[in-house]
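For reference, the structures are reproduced in the following blocks.
Look for chain A in each of the two complexes below; its partner is chain B in the first and chain C in the second.
Coming up: the complex of A and B.
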């Protein structure tokens, strides 16, 4: 059978993504229709840059979601005749063809790229949320109280920031490190912050209504605590707090370590941003008013200062997801953490770069994918910044 | 000013000590030591042999003591085997143990011995750092002027077509990490697929002699990532200056737009980018590691990867000291330089 030309490659590429196009059209139609009622999210649709960025980001989110419908081949099955074959090559049995060619092991580049989005979309936003929780929980009191607490925390933050990121990754993300259980201990500490954050948040708001507060906090401790234990503990490893039957989140050691180290690298920067914003906002009149009313310090921090800092924080959140994506790619590029068979973009770029002079497509496809996602996040952040400055 | 400097230097030393201790601790965790023993004495040795190897080579002592040894504040280990031969940290092979110094550490100028390269650490770091220094120099030569020009041109007239185009370009470059832009540049400019064989895809030959052909791609790859960021900062600072009262006064006086930009705005707009450029150095270090690995240029970044990948403790410590000093010194320079450039700021 004849190999396919570029026209038919592009056509097949576009039609394979049909669930994504459909979902995108629906999202945009609904959002634009009701954009006046949707607050900052709705305003995003007034700026072209923001819309383009949002479209690119959502494209990858939907791709990750519908990945099973989009892929054309199994991502791990190797066909030896398809090694380094250029895009549009028909498989030896003639039944199907590789849209974007085969990699150095004869796997389908297109399907691996599509499934690679899932790794990023699963890890990057969650890791960024955790980094924000850690940064907020430590940055608010550091900025608000100042003094010794601020000095110590800032010193620790600067300490982590002074580390070259790659050295830190090489020290933390190794099989030997997983053996010592250190990443799990770090997870024990880092994953506690979202819980503390939620409890303090609810307590400071509802302490005047003890019934409601007790119920809410009991709920958080029960559900959050269980999720926390399930996330942290891993049967058979150093931290095995839960019996296997109750451990509903099974995170393999190497994913956990990647997650933890990405949170660890991002948290100090978030801390510094929050601290800076708090130093600025705490001199405002409404904070003084709350202090005069006799509100507690945590109420002021979480319900007066934090909501007023949301503009820069949302923008930074988008940028930081992009940065986390880059970090994940860096880890893959150095062959750290994720298993070599994993279809994530960093690892595929790393595997493909060795044969770049004969077959560039296995490296260039995930490279372009990663670049477009980060670009989309940057454009989205830019659009959000523009729109949030407008009011 | 002097008090400020002293305080900063004290924090720097404290940070460097903490960081090197963390690196030391992490590289000396039991599984890592086992890996070292197995790579040195053979991969099939038993656990007992591992323990005795560690004992014999001074690894079995408490971490704090050994950190002191490395630092040069605790006496170096010595080991006397059954035959009576003395080995030790301070005893170089083939010399008499009696004449060896008691302390040998960083404070005495001894950086240790690399297990991967079989060479003294200070020698390795010196030569590698020189190679990376050349790379960094050319990156700066390319990056700083280009990014400043882009930033000033974009910020000169906010919202114009030129601004939109240049801003999009800057966003695109910041969104492209080095391992992506490197791959794309290699494919476009040096592979046989596209056919533009303008440059070489590796920089190995650049270690002997730099030519435009073998060195441009790595330099461009590192510079691109920084250009976008610095240009955006310059643009932000330029737009702020352009809305200032004295610019409007100058325009109303009848000064031409070109003169306003060149004589009034530019100098004030360049204060902020200075700090950003200085703070870029630590980031560049990151890029250097990726690019040196990608282009196989055996400089400091490449050495760092080799040391980390093989758990070469002494070399890794040396590398991290260099990296930390680079980060902290650039921070200090940016703070001090900022005060000199902007007389309105006083350090107390």
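Coming up: the complex of A and C.
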């Protein structure tokens, strides 16, 4: 059977994504229909840049979600005749073809690219959320109290920011380091922040209604605590806090390290942003009003200041997912953290890099994917910023 | 070519209409606006916020931004139509022929450029004169705006000057090219009263000296009376009345102008016997203007079928000089009819002493370097020897300009700071050393505060109801969520807001409505003492009256002690029982309202009284203009704090003012002043404000 030409490749490429197109059309139709009632999200649909950015981001989100329906081949099965074959090559059995060709091991580039999005979409936003939690929990008191606390925390943040990132990653993943359990201990500390954050959040507001407060906090400690333990404990490693039967989140040690490093690197920047906003908002009269009616400092920080800082934070959140995506790519490229056969974009770019002159497509496809997602996130952040500034 | 000669009026605006275009709709900001400014004339543009007065000014400068557009009419400047000019021609005129002075002086000056350079730029660009000549002119103009030591001023950066001095520089800059028209957009709103008085005085004199025509935009009728020859009252995008000051102030021919005058506290108004009359209803939003007369729905003289039919044009009043009104029923209304009987109230009896401050002091230590310590520590004496009593059901006004220590005093009383020394007795209990966290819920809910800025007083991301319920929760009111909800709705009733507002977000409320929510929140725990920190100064005139009224009503009902902080002596005279005047952390005068407002005065009180603009042509004021600025609290003058600006200083023998802190002297029962002046001198003082016999 003859290999496929470019027209047929593009057609196949586009039709493979049909669930994504469908989902995108539905999302846009519904959002534009009700945009006046959707607040900032709705306003996004007034800006072309924002809409383009949102479309690109949602394209990858849906791709990650429907990846199993989109892929044409198993991402790990190798067909030796397909090594470094150009896009449109038919498989030896003649039954199917590689839309975007094969890589150096004869795997389908298209399917690997599609499945690679899943790694990014799963890890990047989650890791960013954790970075924000840590940054917020430290930035709020630093800005609110000022003084010595602020000086010490800001100094630490600067210290981390001044440390070379890549070197830090290398340090974290070296086997000697992993054996000491340091990355895991760091995870134990970092992942505790969301839990503390939630408990303080609820307690500061509901302490005046003890019944409700006790119920909510018990719920958080039970569910959140379990999730936390499941997340950090890994049977057989240094931190094995839970029996295997109860450990419902099996986070491979490597991913955990990726998580920790991303949080560790991003949290100081988030901390500085928060601190700056708090310095501004704490001079407002509604903060003074809360103080004069005897509210505790954490209520003021979490319920009076934080919600009003959301504008810049949302924008930064989008941008930061983009940075995290790049960071994940970098980690994969250096072979840090993720397993060698993982389809994530960074690792595939690295694998394709070696044969660049013979077969450029295995490296270019994931590179373009990575670039488009980050571009989409940046455009989305731009659109959000523009719209939040308008009337 | 920059300047040309023209005999006719400097500015002729004819049927000007301006709209702003948003995504959703076209918003008409100004409709059918006409006015004429003759050479040497000062025209006042008065109205509440959102009435379009600043838009008119910006249109004259052709600086409406990308959303704004002139959709009809012409603006003729010295006979040339500005609306059709090219950008290049406009650039030529701006700054040289038409100059503008804005509200915030710091925002009008380039912080990275020396004053001299900024001033010299103007004539160098517009007239192409040499740097030396420009420098010479800058020196002259700076001397003209009465700044001391012009050479030093020219060599300094904007941040090295005080607010008042900065505004003088902005005025100097506007005059550098001897413009034909000067537009002043609320030039003194950001300044203190005594500084404002001096700047207004200056503007008036310079207008005469340079022969400049002026367009003076203000919300303050008193200020317009002091500065302008003619005025134009605007309401919701339209001019409703225009004419000479005398005509409009004394023979007003539009219901809105009348209502405006009835809602401002003029001398003679009294909270019990002659209360203010608030204008009912709210200012219409630009896209919700009613059919016919914009003021119709709020007007006492509204007649169905006449006022709400078609567009209403401006028409002249026969017999007056260029006096026009946009009211169809001018001839049917009896303008001299006395005010319909308004609700008067009994004077609230004054009760026991609830709050007693004795020799309270609050010092702050400011060190130069926070991180590593070291450097000189300076002491800011924010409050010095503060002693007074406040009674149940009484309104005690605390008057003073910025930096006088009134906010620090409020903080100490609320427990956000603890006192350095002295005592605060609240219901016989010492609280000066108890920070708010250690105070009992009862004490905290008993002393509450109403804040100044309505746009800042509510948390923008929480519903109105939720915020009041939160205060109830904290004060331990109500047993269940249901209880508190009901109590919250009652509080909304108390401040006369519809119950639906519970579900609204603060941004959906107007300034006055937000301030009412702030009041409801303060009274959530049944407050006994309420500190009102300039609660109405940021509100529009017509709303001020309503909010003041509400505060008085709640006070009568709950027998609350109201500590009313303000710099506006008109409103203080209207509603307070006793007045305390503060200057640089000291109480300089304390007494009943009558005692403080009539001689003998403390010299500072005298200046303050003279500085407050009063919108009444019958009032004669003695002019006492204070020179200089308020000294910094970080570096107070030796002796009497007021001695640097006092005009009576020479009357005290032996340099006592500069070396000795004057003692508190009791002049009459309950009237104390802190001054070295002898009894005879004090008795020789004349009243500052006299009302001419009708």
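As a convention for this text, the second predicted complex is superposed on the first by the 389 of 391 C-alpha atoms of A that agree within 3 Å, B and C clash if a C-alpha of one lies under 4 Å from a C-alpha of the other, contacts with A are read in each partner's own complex, and residues count from 1 in each chain.
Just so it is clear, a contact is a pair of C-beta atoms (placed from the backbone, for glycine too) under 8 Å apart; a residue touches a chain by one contact, two chains touch by 3 or more.
Just so we're clear, the structure is a prediction, and the values are computed from it rather than from any experiment.
Residue contacts after overlaying the shared chain place A:12 against neither chain B nor chain C. Of the two partner chains placed around the shared chain by superposition, chain C is the only one that A:295 touches, whereas chain B remains out of contact.
By the touch criterion stated above, A:221 is placed in contact with neither chain B nor chain C. By the touch criterion defined above, A:360 reaches chain B but does not reach chain C.
Once chain A of one complex is fitted onto chain A of the other, the partner contacts of A:308 are limited to chain C, with no touch recorded for chain B. Once chain A of one complex is fitted onto chain A of the other, the partner contacts of A:326 are limited to chain B, with no touch recorded for chain C.
Contacts of A:46 after superposition on the shared chain: chain C is touched, whereas chain B is not. Chain contact summary for the complex, chain A toward chain C: residues 46, 147, 151, 208-209, 284-286, 288-296, 303-304, 307-308, 310, 391.
Residues 11, 14-15, 18-19, 23, 26-27, 29-32, 34-35, 171-172, 174-177, 179-180, 183-184, 186-187, 190-193, 201, 282, 285-286, 289-290, 293-294, 304-305, 308-309, 311, 316, 319-320, 323-324, 327-328 of chain B are the ones that touch chain A when the two sit in their complex. The part of chain A that touches chain B in the complex is made up of residues 155, 158-159, 161-167, 170-172, 174, 176-177, 179-180, 182, 322, 326, 329-330, 333-334, 346, 349-350, 352-353, 356-358, 360, 363-364, 367-368, 370-371, 374-375, 377-379, 382. Interface of chain C with chain A (complex): residues 22-23, 370-371, 414, 416, 436-437, 439, 441, 444-445, 448-449, 451-453, 456-462, 471, 473-476, 481, 518, 521, 525.
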